[in-house]
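Before anything else, here is the set of structures, which you'll find just below.
What follows is chain A paired twice: with chain B in the first complex and chain C in the second.
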Partner chain A sequence: MKKRLLIVEDEKNLCLLYREELTKAGYKVTAVMDADTALEQLKKHSFDLIITDIRMPGKNGIELITQIMALRKDIPIIINTAYQSYKHDFMTWAADAYVVKSASLDELKDKIKELVG
Partner chain B sequence: MSELRKDIITGRWVILASERGKRPDDFRPAAPEKKEEVPAFCPFCEGNESKTPPEVASLRKRGTRPDQPGWRVRTVPNKFPALSRGLPPERHDEGIYQWMDGVGVHEVVIENPCHLQELPDLPLPHIQDVLSTYRERVKSIEEEYQYKYVHVFKNKGREAGASLSHPHSQIVATPIIPKQVNEELYSCERLHLQLGECIFCRIIREEKKIGHRLVARSDHFCVVTPFAPRFPFEMRIYPLRHSPWFTSLTEKELRALAKTLKLVLCKLRDVLSDPPYNFYIHQASNPNLPHEAWVNLEKSYHWHMEIIPVLTRVAGFEWGTGFYINPVPPETAAGFLRS
Partner chain C sequence: MIERYNLFLHEFSQEASKELQLFSIIAQSFFQPFSLMDNLLVIMTALTAGPGLGFNRAMLFLTEGDCLKGEFWLGPASAEEADSVWRVLSTPGIGYPEIIEHNRSLLTREADTLTKRVKKLSYPLYKEPSLIPTLTASARQMILVRDARNEPGVDKRFAEMIGTDEFLCIPLVSQKEGLGEIILDNAITRLPITGRDIELASICGLMAGNYIYTAKLQKRIVDMKKVAAMGEMAMFVTHQLRNPLVTIGGFADQLLDPQTGEKKKKRNIQIIRSEIRRLEKILLRLSQFLRIDVREKIAVDVQEMLNLVLEQIRPRISGRRIAIDMEIEAGLRVILCDPTNAGEAVRNVLDNAIDAVGDEGRIDVRAYRESAEWAVIAVQDTGKGIPEAIKDKIFDSFVSTKEKGMGLGLAYVKRVVDACGGRIEIKSAEGKGTTFKLYFQTQPRERGTNP
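And then the complex of A and B:
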């Protein structure tokens, strides 16, 4: 059975790219563009992994992770951000991996594979 | 009129703007700060041990297992470290510039399992456990010869740089001696040659004699506001026994330091309404490595703690000149803190 991924990414083109690439890689992907929609999705459906950006309008990724932890501590989370500096925020420890965005999606795909197969 | 004062060790000048003299009340927030609440999730709280990397040390109830509840003080490596353990890094040249791999250690000391219990709230034996953890972790890291300096520090409150309110301190080991520490070591060596004794031992003797800047003293430690402080209510804890290394503390001295630290943090809380603060330990470089340029390091340097309440902002003048403007003379600050 296909693993279900929830992607939270506010940049539209990236959101489409992730959905396309990860669908091709064999995952069932739900891509949303803000934290509140992600929380709604989480309440309605079950996911095997969440991939979230940090800097987003409205609730940021750190706030989103905190709320996800209160709902479901067992879902692995990957932080996918352009910034190294959020590593200093210990709340990111709630996530299982921290991937800095790059032109290639190889590292992200490797982490997904490592966490959910 | 304001006064310019020079720090004898760092050579840094400060402007004491005494005509702008303020009372502790001036630094209190206009409205009481919102009481800290436990967040919906905290990776440092008891029960969430699986969200941190495996612990490298802990003090815990007999019979409890590592990375399980039952701990009093727990040390874990940084989950997403900026510096990672590795072989001694080589310096590379790139034109006129130099760089090296980011080798180092970054650990977090979770001071207690309870989110809302701050360091001064803890009973003395628990504070001693935290200090003992610092000592043992520093000793252990110093056995790895690639790390020249091990820095222990605490940021309390967002304004002081803490990203998470759960009480914690940090330990960072670097493959080079940080510039500020390096300059202090050089300066102490030079002053030792001039004076024939450790400058800190001299400062302690003078401050105890004068008394204006003395905040507290015991058989093992004294607390002073330095002659040329960068910040209002800045304090130093000096051990009375000369030693360059924090790791040389005996159990008896650890107990005394716990008592002194609790007193200092309680005074900050009482006099300044629980401000954000930073504290850190300054000690000599890794004793297991050759002392490089310092012939008399063991005699010339004296470990100590610096405590800095975050009450003013460092801005363009300070960044651009290295001068600091401090609106509270240290004698005034010590008076408030003693009372």
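And then the complex of A and C:
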């Protein structure tokens, strides 16, 4: 049974890249471009892992994490961002991993494997 | 009943002592927006201004690393020169400003042999035995030399150069460090240096030391700010470049994968190309910001400039219910600015207004005279307003409320308006809207053209 990933990434091309690459890596991927759509998806479907950007139009990733916690869904979360500095943000402790975006997706793939197998 | 006095006194009463005037000149010089060296020149001038007060000549050394380096030497080079200079200086109407101007011109003159001589000097500070002049700086004590030629504590070459037996060395110090040294003498008049002279010189030395210390601290703060700004900038650029780079890298990897089909490869190349264009755009905006080059201010037709800006901005509001109104006061025709940059600055403000308004609202652009000298271009919107938390920071580079904003727009606006000699005022209420007022100088209103 394929593991289900929910990816929140507001950049169209990156969203496409993650969807393709993680599908290729053997996951069932839902990729959305903003936090509200992500929350809708979470209410409708069950996921094994959430990967979210932080800086996005509308609700940002930190707000999304807060709301996911309020939903009491016990789903591991990976923060995937261009910003190193958010690591010191109070709310990022709630995430299970913090990955700084890199041209190689290896670290992200490793973390996913670590968290959901 | 109150009486008001200017803190910066220019004229003194008859009873005011020479000492009081001297201290006043020196204290005021610290408020002059000139360079450190220029203000030190004022202090040194005050110490040597004429035969009636103070000393004939004054020499300045400043500490540079482990060395005491000669900076300049003020005073007449000979008795004849002293005679003519002092005669001019005692003419009624000649005050300190004129004397300072005279000395300033001396420093830049080729033939100024005194300064030329002292400029060559450099003494290591921590070499034993410590001789005069370095002894004063290292011991942080005033030293009065009475018989330089026969005094073994005086550096022989220095004694030869100064050419007089009696001189006074005053250290320039801060709380922590030695900053330099002033050496005073009466080589022309041969008047003995008195106890009163020493008392006077000690206060001047303390004031000068304090001033140098403050100036150095200020420079250090400016340097630190520059470094901090550069760090911020480097961080920002890193982030801006990361997303496109990740995209390019990821899709390039797919190209290398033999399983990727031709159609997908073509798509990937197109994505890569568009991301590279984006990178280029980011670099272009950054470099535009970094080298704002405000050319000479010229009289620019406000109507023409604003029309052009509005024309550029129209496409952005098509399809939205945003009304933009423009009103230019009939009496206002021109403002003084660099038309390209000022127009671009107004466009940036309008861009922000449109972002703030969203899908529906109104924006008023008004241009009017505030006074005879100042004109205002005001942009008022009914948008969401500036969040209280960032009100103080909106002109800083790289601060943005937009998730993908670069935070360069308003920083650019401020730099341009500053460079044009104007200023900016903002009124904003969260949820109600924002008004930006850009002040530009205008040509004075001509009589009779008033409608």
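For the reader, a short list of remarks on this structure follows.
As a working rule, the second predicted complex is superposed on the first by the 115 of 117 C-alpha atoms of A that agree within 3 Å, B and C clash if a C-alpha of one lies under 4 Å from a C-alpha of the other, contacts with A are read in each partner's own complex, and residues count from 1 in each chain.
Note that contacts are C-beta pairs under 8 Å (C-beta built on N, C-alpha and C of every residue); 3 or more make two chains touch, one makes a residue touch a chain.
Here the structure is a predicted model, which means the values were calculated and not measured.
In the superposed pair of complexes, A:Ala82 makes contact with chain C only, with no contact to chain B. By the document's definition of touching, neither partner reaches A:Leu115: not chain B, not chain C. Of the two partner chains, chain C is the only one that A:Lys101 touches; chain B does not reach it.
In the superposition on chain A, A:Ala25 makes contact with neither chain B nor chain C. In the superposition on chain A, A:Leu39 makes contact with neither chain B nor chain C.
In the overlay built on the shared chain, the residue A:Thr66 is in contact with chain B alone; chain C does not reach it.
In the superposed model, A:Leu14 lies in contact with chain C only, and not with chain B. The larger set of touched chain A residues comes from C, when the choice is between chain B and chain C.
Overlap of the chain B and chain C interfaces on chain A: none, as no residue is touched by both. Touching chain A in their complex are the following residues of chain B: 39-44, 48, 51-52, 78-82, 108, 163-164, 166, 168. By the touch criterion stated above, chain A contacts chain B in their complex at residues 65-67, 69-70, 73, 84, 87-94, 98.
The part of chain A that touches chain C in the complex is made up of residues 10-11, 13-14, 16-17, 20-21, 55-57, 60, 82-83, 85, 100-105. Interface residues of chain C facing chain A in the complex, by the touch rule stated above, are 235, 239, 242-243, 245-251, 253-254, 271, 274-275, 402-404.
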